[in-house]
Amino acid sequence: MSEPEQIGGKLMSLERAVRTFVKRGDQVALGGFTISRNPMALVYEIARQSIGDLHLVAHSNGQALDVLVGAGCVRRIEIAYGGNGRFAPTCVRFRKAVERGAVVVEDYSNYQMALRFLAGALNVPFMPTKSGLHTDLVRLDGFSPELRRVAALPAKKLVVLPDPFDGEEGDVVLLPALKPDVALMHAQQVGDDGTVRIKGLTFADIEQAKAAKAVVVTCEQVVPAADLRRDPDQNALPPFLIDAVVPLPFAAHPTACHLFYDYDPQHLNEYRAAARDDGAYESWLREWVYSVADHDEYLAKVGDERLQRIKADPVRGYAVGLDRR
Amino acid sequence: MSKPTTTGSAPTAFTPREMMAIAAGRFIADGDIVFAGTGVALLAAGCAKRVQAPGAVIFFETGGIDPTLDEIPLAVADSRVMDGACINAGIIEAFSYVSNPRLHTIAFLGAAQIDRYGNLNSTCIGDYHHPTVRFSGSGGACDAGSLAAGFIVFMEHSPRKFVEKLDYLTTPGWLEGGESRRAAGFARGGPIAVVTDLCVLRFDETTKEMYLAERYPGVSDDDVVANTGFALDVSRAVEALPPTAEELRILRDEVDPQRLILG
Amino acid sequence: MSEPEQIGGKLMSLERAVRTFVKRGDQVALGGFTISRNPMALVYEIARQSIGDLHLVAHSNGQALDVLVGAGCVRRIEIAYGGNGRFAPTCVRFRKAVERGAVVVEDYSNYQMALRFLAGALNVPFMPTKSGLHTDLVRLDGFSPELRRVAALPAKKLVVLPDPFDGEEGDVVLLPALKPDVALMHAQQVGDDGTVRIKGLTFADIEQAKAAKAVVVTCEQVVPAADLRRDPDQNALPPFLIDAVVPLPFAAHPTACHLFYDYDPQHLNEYRAAARDDGAYESWLREWVYSVADHDEYLAKVGDERLQRIKADPVRGYAVGLDRR
Amino acid sequence: MSKPTTTGSAPTAFTPREMMAIAAGRFIADGDIVFAGTGVALLAAGCAKRVQAPGAVIFFETGGIDPTLDEIPLAVADSRVMDGACINAGIIEAFSYVSNPRLHTIAFLGAAQIDRYGNLNSTCIGDYHHPTVRFSGSGGACDAGSLAAGFIVFMEHSPRKFVEKLDYLTTPGWLEGGESRRAAGFARGGPIAVVTDLCVLRFDETTKEMYLAERYPGVSDDDVVANTGFALDVSRAVEALPPTAEELRILRDEVDPQRLILG
């Protein structure tokens, strides 16, 4: 590590990280879960750079998925759940895009998608599960055989295998590995050597990063490596898996970042309202994405008062007493 | 047909949502691991833990296990499922607990459609490739339905939702009834009950067909039948115990004092 | 948790924990790795209670394995590595027992055994790997078909499956799940609610505990649950998987317990010397196991001076400058 | 036959073990992940990192990644592989790095027997079911040999160890030579070199048969052939570069100042 302050050349701007590591047509894994630790700044930048034809892979994702779909960057999705919890039981632009045939979806469950990332992380062709036997998740393909061939996807959505040990186990579902072109994630801390620390739930972020061909991390803080190496048990990813580090406070806004800030209920409610109408949504995108030069300008638009309001209690991890209606 | 909105007289008047939370919570035994989700499921879990199952563990599929829940989470990834938990697990780890045969995990699930065998649809209406309505998708519902020791379904009771045939089978219930679930390769699990805004439905031990088990006070057999899109056995129905004053106090004052879910 | 100070009835003596949860003929998973965090106090107690015919399962184990084998408690072993690092490149009593035919061994690799515990933890019938194709680990069974039947083991050691997705992946090895009757482990801390925290490397302890039908944990300290729940990210196992908690400082001696104490080089060297000769080994067992009433007496025999010498630096985790020749 | 024990004159005299550590270390490139094990492997990794590969990461199969190594660990589970690491991973996580196609992981392995294709035995001598000598077993050797980008073997050079046929094939090398490793299903990997107390052996690019690449100073082709239990091509052999004064200083003063492994 000849230049720790540059994180070995991996420290870069949001603009450069997206331009370098996210290409038209890429398979992109979205970190986080519904309204928590979504890589929102990266998503806004992808929309600003108009990178299209993306193939999204995620277990449960909410806001990042919906903005990418809404901005027209997405062609295909493999997913278990597109929603924002109480703030949008089904993400609105996601729903509209599927109903209009603007995106093609192939459905899995949360555990199935997480296991597919694990298979990629372990570099094995598949993972077995008993989940989904005799359901339409197993019976119905979302992608046609032609699409599978053209997009270099596994030849089958999944395989149902009888117990190969000749025992009493019955059928098992084999889920093909995912190896995304790039994993996008947001972490609380990155060391100046590139070590990543995530606090709170990690969801499948770690498996996604290990499965991916490139990993881009935004973070709340860059800290001295020695601070993170004092307790290696708590670290999530080693430096050698990380390709780009973009230090950006509040880069998950309006989703939450445990111990740093809560989700922004007002922003999420306004988003949902705008998403319901095509015209209103275009205006929303113009106001919050296209006409915003960078993350600093975005935060200025959100405003200090709002950012203070969602600031997390450093012990509990969320904004105690926040008005969440 | 019309549905009752509030039943009984003060101080034990209650809403259908309150009745649902309390009726569902009664299915939880001490020591159960409760796959809770959000919304009314979380109210049910919170009631159960404070009424009859203090040793039950409230569990989120995201990996937050037994958090303080000093505030109600509005999504399963909310920081409020992490605070004070015994462990913050990954998703794979979380589902490994759901699947663990040592643990009696009971899941609360919702859905857009249910059929007579308790199979659930939370994916779409219409043809899968050209849906007229798209929902969120399985999330962890298929996993919990496949792997947990059992599950309980929350449904709004309407003929659009209680259907002869699902548009998409997201979550395995009793499949085609009888022994078909075991034959498919599931070692355990299956739907235990369906809790609606009108009643509690259960499944016949042999055929695994849904039947009316408990009508809420003020609800008739006909109310239920009219809101169910398939033939329903009502011969075993009794009236549900209304919420006790203590159950209502716990639900309102302790579980959701901000009325974020109770509304 | 009506009685936190009793850890819900799980707090018990070493004698009772072993008597209750380890039966003749059980399949026993050994936690730790070579000379680190072996559940030694539990192993000595098993020997004292003369519990025999055990079927051990482990990835790499050293001292715990060797004492159990040496004391004649073991009939079968599924394992990747029986050694103590520089203190015994092959564990001596293990080697002698295999060469004499006193135990039957079936060999796997570290990754294979860890994946088998993971399969048990996930409750799936097998895990896939590319490791071991065309080796004797895959070609040669250690256990006969009759033994597999009698001992209720999977019908095959493993299965080699051609790529079920009709792709270019080639063969993959399917490793059958392990579901031990009991997992024995040593942790640094257990909360008074039963939450387990392990510091430093966890090896496959967590997968072993999740795969097992019962879990017995010895620990250096019982601490208030609130202390561990202040940072749930750091905890290894939830209370509901733990059956018995035995608070016993130095219960991993002579192996190391990260942040608490180092391995005991003198003890390990003396052990190896004794193990080479049957008579000397019998004396060693008499002196250090059979004639020792309990763990307190064992520690008194080791002596305070020695325990002070191996005490770990609380930051580095080991005894800095310890004479390890 | 006799083997040299120390070669050269002060101040550049060196032992075979020192030569082995330095010769093996030279195979490591900057950015490699070095699956290090203990003993002489650790010395080789320590030399490489300080001489030509400062960005190499020393990696232990137990999950300790890039620790300070202020003191030499005596087993891969030693606390000294955990101190100051960037991450303390589990075993499965550790092997996921070994297998990761993005990472160029090079493993140092030892063995009891090796054949002409670099296949290794660390399990037993004699029949597997009735062995005359039992060794430790694979540990992570089979995994590293199967999954890493390549591996380097440390061997004491003797005909008992360089054998025509292994008693047990623990770790896959080039299998039966030629394309057989790829045909077996391995996407990459295989033995790069064998470093002994006499020489460095490599593998023919086409046949994958072992050949003598570098004799240590003072060692003859005949010394090597006499200690090898199968026919060996010596036609390509050159004399190895002896350790430089700087390499020896680093090895002795920085890597193993307590001489725990150098002896």
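A, B, C and D are the chain letters, set down in written order, and residue numbers restart from 1 in every chain.
The rule we apply is simple: contacts are C-beta pairs under 8 Å (C-beta built on N, C-alpha and C of every residue); 3 or more make two chains touch, one makes a residue touch a chain.
Bear in mind the structure is a predicted one, so any value in this text is a computation, not a measurement.
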item: Chains in simultaneous contact with chain A and chain C; value: B, D
item: Pair of chains joined by more contacts [C-beta pairs], A-D or A-B; value: A-B
item: Chain centre separation in whole Å, for chain D relative to chain B (CA means); value: 58
item: Distance from the mean Cα position of chain B to that of chain A, given in whole angstrom; value: 28
item: Computed distance of Cα centres, chain C from chain B, in Å; value: 40
item: For chain C, residues contacting two or more additional chains; value: 122-123, 130, 169, 172, 200, 230, 233
item: Residues within chain B bordering two or more other chains; value: 64, 82, 84, 88, 92, 95, 99, 147
item: Pairwise touch network: line, ring, star, complete, or other; value: other
item: Pairs of chains, among all present, that meet the touch criterion; value: A-B, A-C, A-D, B-C, C-D
item: Residue ranges of chain D touching chain C (in the complex, touch as defined); value: 38-39, 61-64, 70-71, 73-84, 88-92, 95, 99, 123-124, 128-143, 146-147, 168-172, 175, 180, 184-187, 260
item: Of all residues in chain D, those that touch chain A in their complex; value: 31, 33, 54-55, 57, 64-67, 82, 84-88, 92, 95-97, 99-103, 147
item: Chain B contact footprint on chain C (complex, rising order); value: 1-2, 8, 121-123, 191, 193, 195, 210, 213, 225, 228-230, 232-233, 235-241
item: Interfacial residue positions of chain A with respect to chain C in the complex; value: 122-130, 154-156, 159, 161, 163-167, 169, 172, 174, 176, 199-200, 230, 233-234, 315
item: In the complex with chain D, residue positions of chain C that touch it; value: 32-37, 59-60, 62, 79-87, 89-91, 94-95, 98-99, 101, 105, 107-112, 114-115, 118, 130-137, 139-140, 142, 169-172, 200-204, 206-207, 256, 258-259, 262-263, 312, 316-318, 320-321, 324-325
